[in-house]
Amino acid sequence: MPNPHLHRIRVRYAESDQMGLAHHGAYVGWLEEARIEWLRANGLSYRELEVQGVLMPVTELALDYRRPLRFDDQVELTTSAVLVGPTRVAFTTVLRVAGAGEVTAEGRVTIACVGRDGRPKRLPAEVAATVGTGPEVR
Amino acid sequence: MPNPHLHRIRVRYAESDQMGLAHHGAYVGWLEEARIEWLRANGLSYRELEVQGVLMPVTELALDYRRPLRFDDQVELTTSAVLVGPTRVAFTTVLRVAGAGEVTAEGRVTIACVGRDGRPKRLPAEVAATVGTGPEVR
Amino acid sequence: MPNPHLHRIRVRYAESDQMGLAHHGAYVGWLEEARIEWLRANGLSYRELEVQGVLMPVTELALDYRRPLRFDDQVELTTSAVLVGPTRVAFTTVLRVAGAGEVTAEGRVTIACVGRDGRPKRLPAEVAATVGTGPEVR
Amino acid sequence: MPNPHLHRIRVRYAESDQMGLAHHGAYVGWLEEARIEWLRANGLSYRELEVQGVLMPVTELALDYRRPLRFDDQVELTTSAVLVGPTRVAFTTVLRVAGAGEVTAEGRVTIACVGRDGRPKRLPAEVAATVGTGPEVR
């Protein structure tokens, strides 16, 4: 993967469900946190981007759950990003239990860059320069 | 209780936890939904109030959990409201499993009326006219 | 779509984000609620299935967001299900603002039927009889 | 406060609301995370306690919101615990923006120690030894 960034989270108790597993919906917030930390690691503050009128709503989300996660598990999220158009970026995140080699889940989120008016907006140059431009490697 | 309004919800699977109970944090969203439906039942749209620059952030929250709730339980929330100052309203909500008499939980939420600038703002007349003004009955 | 069931939700305030939209993660809980109501409409209680040792963890999730939803919007979720193997069911849910014709989002969730031990388990006959068996219509 | 433990979180985007603030419900999950880290810092794993049949459901929750928090804020949660009966512990958590002196919020959560059967259970000796026994200092 190009430009990968590693972020760690720990599964919260509130994120468990009565099956005894991390609820599948919790992963969506973790992927978002991982994207924001990917931006920060690349010198970009998503908070600042929004202040400047650059919003990044999610247009597509896909998650593949391979092995369960549980409350208190420490999870490593490895995220990379590629341009998929002048105003879109696809983030791919691979999840592993810390210290384990096996992939427990994989997520792919596409964001569109839009202005306050909701209209497509070219990605800021500093974002475009950071994301990969080659073929997306999954 | 003055001006009570009854709202029904069903416990979502995502709101369960690995103890097999409705997670205590889920109640906070239900109380909020019950407040918004209380306003609607009294002819007020919280969405419209915000458009008009009237925000109602929560300043205090208290929840007393007496009996557990579980996934798929149907819950009746009975909500009433009293003025607790020129810019504050306290909402009290009693939760019962539908069809059962016993109270499973009770919540009390105080909201402050503020403007877009975050400063206290007198409650709109139509809100003040609706909430009880007598002593708060719990 | 085969065997469609219509379920209605209203976007909660807690589900809004600072973009002023329903957060993309909130949809995951709505899809789950819609699946559980699909089962109920077909005479099946997911709560009861779990008591009988039939669990349905999510193995794949895909969401396509086309138009934004906002706090207080009433949303219609039309859900159908098809068998995608002896132990898997794919649920497709189309979301529309109540009364509007345009699709605002579409989700597809695959569940695996497993036992308490986490091992694949043949779908209960009454579930298999209910889900469509023809080619999945999206 | 006796036995304080400091835990840090960062406000997630999903935890913001359309007021542009951290939603008041998000604090409940942070307090829970802070309690679990308080236990860990004192040599106790809540995951292990549950495996041993020691559950700690919340019986009371109170939150006092003084100043708003926003997406991306780093928050310091200082938590202490005192016994409030043979089977109950009260955790008090003070929240501050990292590096700032002012308290932004304060929470108090009471947990009951129960067994798998839901009946009150004496706190494990190692938990009782760790929590303060003097008068609760708030």
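Each chain gets a letter, A, B, C and D, in the order it is written, and its residues are counted from 1.
Heads up, the rule we're going with is that a residue touches a chain if its C-beta (ideal position, glycine included) is under 8 Å from a C-beta of that chain, and two chains touch if they have at least 3 such contacts.
The model shown is predicted, which means the values in this text are computed figures rather than measured ones.
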Higher C-beta contact count, A-C or C-D? A-C
If you average the Cα atoms per chain, which one ends up farthest from chain D? C
Shared numbers divided by all numbers used: is that above or below half for chain B and chain C, i.e. same or different? same
Rounded to a whole Å, what is the gap between the Cα centroids of chain A and chain C? 23
Compute the distance, rounded to whole Å, between the mean C-alpha positions of chain B and chain C. 28
Averaging only over C-alpha atoms, locate the centres of chain C and chain D and give their separation in whole Å. 34
At least two other chains touched by the same residue of chain A: list those residues. 13-14, 18-19, 21, 25, 28-29, 32, 70-71
Residue positions on chain A within touch of chain D in the complex are 12-14, 28-29, 32-33, 36, 45-47, 70-72
Could you list, by residue number, the parts of chain B that touch chain D in their complex? 18-19, 21, 24-25, 28-29, 32, 50, 55, 57-65, 68, 118
In the complex, chain C touches chain D at residues 13-14, 16-21, 23, 25, 70-71
